[in-house]
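By written order: A, B, C and D. Residues from 1 in each chain.
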Amino acid sequence: MSTRPDRVVSLRELAAGIPDGSHVALAGFAITRNAVAFAHELIRAGTSGLSVTQVFSGMETDLLVAGGAVDRLTYASGSLDRFGLLHAVNRGVATGRLELIEYSGLALALRLHAGALGLPFVTTRSMLGSDLLAPLVAAGQVEQIESPFDGAPCLALPPLRPDFSVVHVDVADRAGNAVVDGPLWSIPETARASKVALLVAEEIVDVGELDPSRVTIPGSLVHAVAHVPRGGHPTAVYGRYDYDAAHLRSYVAAAGTGAEEHDAYLDRFVRGVSTFDEYLALAAA
Amino acid sequence: MSTRPDRVVSLRELAAGIPDGSHVALAGFAITRNAVAFAHELIRAGTSGLSVTQVFSGMETDLLVAGGAVDRLTYASGSLDRFGLLHAVNRGVATGRLELIEYSGLALALRLHAGALGLPFVTTRSMLGSDLLAPLVAAGQVEQIESPFDGAPCLALPPLRPDFSVVHVDVADRAGNAVVDGPLWSIPETARASKVALLVAEEIVDVGELDPSRVTIPGSLVHAVAHVPRGGHPTAVYGRYDYDAAHLRSYVAAAGTGAEEHDAYLDRFVRGVSTFDEYLALAAA
Amino acid sequence: MSADGRWTGGEMLAVAGSLQVHDGDVAVIGLGLPQMAALLAQRTHAPDARLLLEIGVFEPMPTEPSAGIADPRMWRGATAFGTTLEVLGVMAHGGRVSLGLLGALQVDPWGSFNTTEVEEADGRRRRFRGSGGGNDISSNAGRIVIVMTHQARKFAETLTFLTSPGRQVGDRSRADLGLPGEGTCAVVTDRCVITLDDHGATLESVHPGEHPDAVLADTPIPLAVPDGGTKETPAPTARQLAFIRNELDPNGWYTS
Amino acid sequence: MSADGRWTGGEMLAVAGSLQVHDGDVAVIGLGLPQMAALLAQRTHAPDARLLLEIGVFEPMPTEPSAGIADPRMWRGATAFGTTLEVLGVMAHGGRVSLGLLGALQVDPWGSFNTTEVEEADGRRRRFRGSGGGNDISSNAGRIVIVMTHQARKFAETLTFLTSPGRQVGDRSRADLGLPGEGTCAVVTDRCVITLDDHGATLESVHPGEHPDAVLADTPIPLAVPDGGTKETPAPTARQLAFIRNELDPNGWYTS
């Protein structure tokens, strides 16, 4: 009789599988659906030298940068919506400690999409005429070409295949088939582009309990899934919980004051606890 | 107060909006989810000179070709699964009455995808070394190029933007937001690539009744939707009704015998009735 | 703030911005003031405007204030959720978006703009958000409207960073660059409405209580004056103000 | 039919085809006999084989016979539904498919094959299905297995139409052409198993009751004989036959 794989692991195992220096694609968007629990675990593990790709960077990336885990960030933008900017990211760029590679949102999503589909390269008109273009051309990440059909100027971008991706999903079955509710921004491409797709799930169910028409990320593409209820806190997870405005404000207050204050936040909320549940209890106190 | 559009029209209006000579993309797959009611209506309207694109052609296209509506077909394959081949299509190709343009399934889906995304062109490795390539290159529909990044040989294909697309969906709201259950093959690309996206729906509901996370085709892309329960008969619609094996067998028996017998089928089941409900009653008799 | 205190600059900005949204527009909107302007238009003169968010939200009709486009409150009433590839790709890059309504840190005479970084007085660069979908929208939508607060340093002949192309870049037109659409057609601030066409920028109207000369003095880019002179922007109506204060921004996050 | 009538040629074909599926394979499978072989493997020696259908079906475990891959019966037990872009694109073109299991009208000495059209005795061409995803699978999967009934006219030095490339095309290797994967590694018929490597095709085994010379005579392409001679394909087991007859194809649509 044929079988279904069991891909459920602990969050610690999930994070431990990511070697220093890996290229990790993250999939949160500003203050929504960030894999915060995963970022905490990676900081506690002392992981370093990461290259992170996140189309619309948010809390998870700012935490990882503050925690010293990241050497390079590829993004199209970063913010915590009106709560503020990504202070660790911006500080890292200003001090030169963080290498930043910037695209437009569509261009970066298309690079991941091309990676997912195994396309030799992908084309767009976005970024033509902008200052985004020159550094990408200089780095060999974009070529200015003409359409072989009508001669129109356009850009060629190579596929992007991160080593890992981590997506915070609503429900996954034990084989890694996962449902994401609400808007999906670049989640589908991010999961599909990576060589190893990892999930953090609010809820885990047995194989057969999900409606296959509702599956956003097929288990065939997934390597492991960890069960972490409320693992996106303090960011929002659509239909499950709101962002924690008070916590986000205190985070930005610390992060925006300076590197030392940012580090004190990490000492208290990340390094000062040993599990995400402990963090949740501390944050609720 | 802001409003929602009402895009519901009759099937007759839907079909009447398609001028002779249009390029129409269809989205059924062999014996499943074919817009049969729409094909019937177009044949009764006497529409002619169509260029049809359907990645995995099935019943709807075979009917339209038999009905004399189609001059050119672009496809990757055509069959009625084990019920048989597309006899009208194959006869049209053999007699030269039907111009056939052939791609691989992925290559044609990518052309539609590029049309949907407005990409200057799209690239693939599929079709390299095959006999599919030469006629497409000769027709200027494919260019053999090299990746500007690694010099690897690949193919460039231009975007495809059909004038119309017609998709048979499960449920649509009155604004055209539509849910398709089950596997989706090339439905999303087909609807998004066309300049005018039309739907035939098993069921119509008010705006607000659908879970937006379940919407396969956003109403923002849709121009009109017609309500035709069982409009896919004799093909299957996942979760709603099975294919009608007896009817498919009698269809293939007629279609496979010759053009005259095929036409007699149309005289009886399409031209001999004035609505799809009449056809359904006749088919059930 | 209007001279008599009847409305704030943010309220005036939201109202003037909203008037740039046409009924029937398919509009991708950015974070903050663009949200205010778009939602106000949707609830007043442009009920058939269809809004899109780059996060993958189709046609939301939110009824409570939100902290940005990543705030689920902003997605309420949406008819469909999808991906960035669908909103920035299928809709914008695919030529189906008539309007982009966006914020900016800095604008040049041809309506190109910067959302990436600014240069401080001491020469250091301070980074903000980056492009996100802003570049994609301004590169591909039919027309672009910028809404931002008015400060002289935000208008510059040369941008610190050209995130999003306007009507031309250097001496190259959009068509030369390979871009569709007309580009930026208006810059709306809390003091005036500047319109752009292929001849350049025009001080179309100043808001009630503003004098054109004072606005020109604080807008260090070439600005033409229309035949017949710069007009006065219509004052906010009681209905517009009530909607902003009661529904759109009761906490004054964006318009206070 | 085996000499003693214990199994049909179709049953033997399904069994021999199934043995080409390795446990752990991620396999895209075509209509008809490939379905039989793949499902048989999944239920016998390769429980961890993951099946995919180009229609957008992930890992089905059907329990009743179906009329093809567009038959919803074939999708039962699937863990996810998606698109052709996901199966032929993300999975196959993206390099995540280890095996393609496909039918063919005609095969050449390097395992390139034709699913498009055949030439009749009178020179007229008769069209079949076309490529569908067959070309994409054979162009991008790790290895390809062809399952088809054995007729001499199906083996040809030059194909009527080369729908899907094998290990080389003319004198060009897959690498030369720009294709990944090793290409066709086996052709399984109701009489034999032919394996392919970069040196060409080999008559690996003939089915019980067949003589290698008779099979060679009916296979008009160059076929090597392995060191130690052509083996006999293992006979179907009672368990395999029971599964085919009771569950997989009780109506004998494919294996009678």
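Couple of notes before you dig in:
Following the convention adopted for this analysis, contacts are C-beta pairs under 8 Å (C-beta built on N, C-alpha and C of every residue); 3 or more make two chains touch, one makes a residue touch a chain.
Every value quoted in this text rests on a predicted model; they were computed, and no experiment measured them.
Using the contact threshold fixed earlier, the set of chains in contact with both chain A and chain C is B. Of the two chain pairs considered here, B-D and B-C, the higher C-beta contact count falls to B-D.
Chain A and chain B have Cα centroids separated by 37 Å.
Chain geometry summary: the mean Cα position of chain C and that of chain D are 58 Å apart. Taking each chain's centre as the average of its CA atoms, chain B and chain D sit 29 Å apart. Spacing of chain B relative to chain C, judged by their CA centroids, is 40 angstrom. For chain D, residues that reach two or more other chains under the stated contact definition are 78, 81-82, 85, 89, 93, 140. Shared contact sites, meaning residues of chain B that touch two or more other chains, fall at 118-119, 124-125, 152, 154, 182, 213. Inter-chain contacts occur between A-B, A-C, A-D, B-C, B-D.
Only residues 26, 42-43, 46-50, 52, 58-59, 61, 77-82, 85-86, 89-91, 93-96, 140 of chain C touch chain B when the two sit together in their complex. By the touch criterion stated above, chain B contacts chain D in their complex at residues 29-32, 55-56, 58, 75-79, 81-83, 85, 89-90, 93-94, 102-107, 109-110, 113, 124-132, 152-154, 182-189, 236, 238-239, 242-243, 245.
On chain A, the positions that touch chain D within their shared complex are 1-5, 115-119, 173, 175, 177, 192, 207-208, 210, 212-213, 215, 218-221.
Within the complex formed with chain A, the chain B residues making contact are 118-125, 140, 143, 145, 147-149, 152, 154, 156, 158, 181-182, 213-214. By the touch criterion given at the top, residues 31-32, 53-57, 67-72, 75, 78, 81-85, 88-89, 92-93, 112, 115-116, 124-136, 139-140, 159, 161-165, 169, 172, 174, 177-180, 253-254 of chain D touch chain B in their complex.
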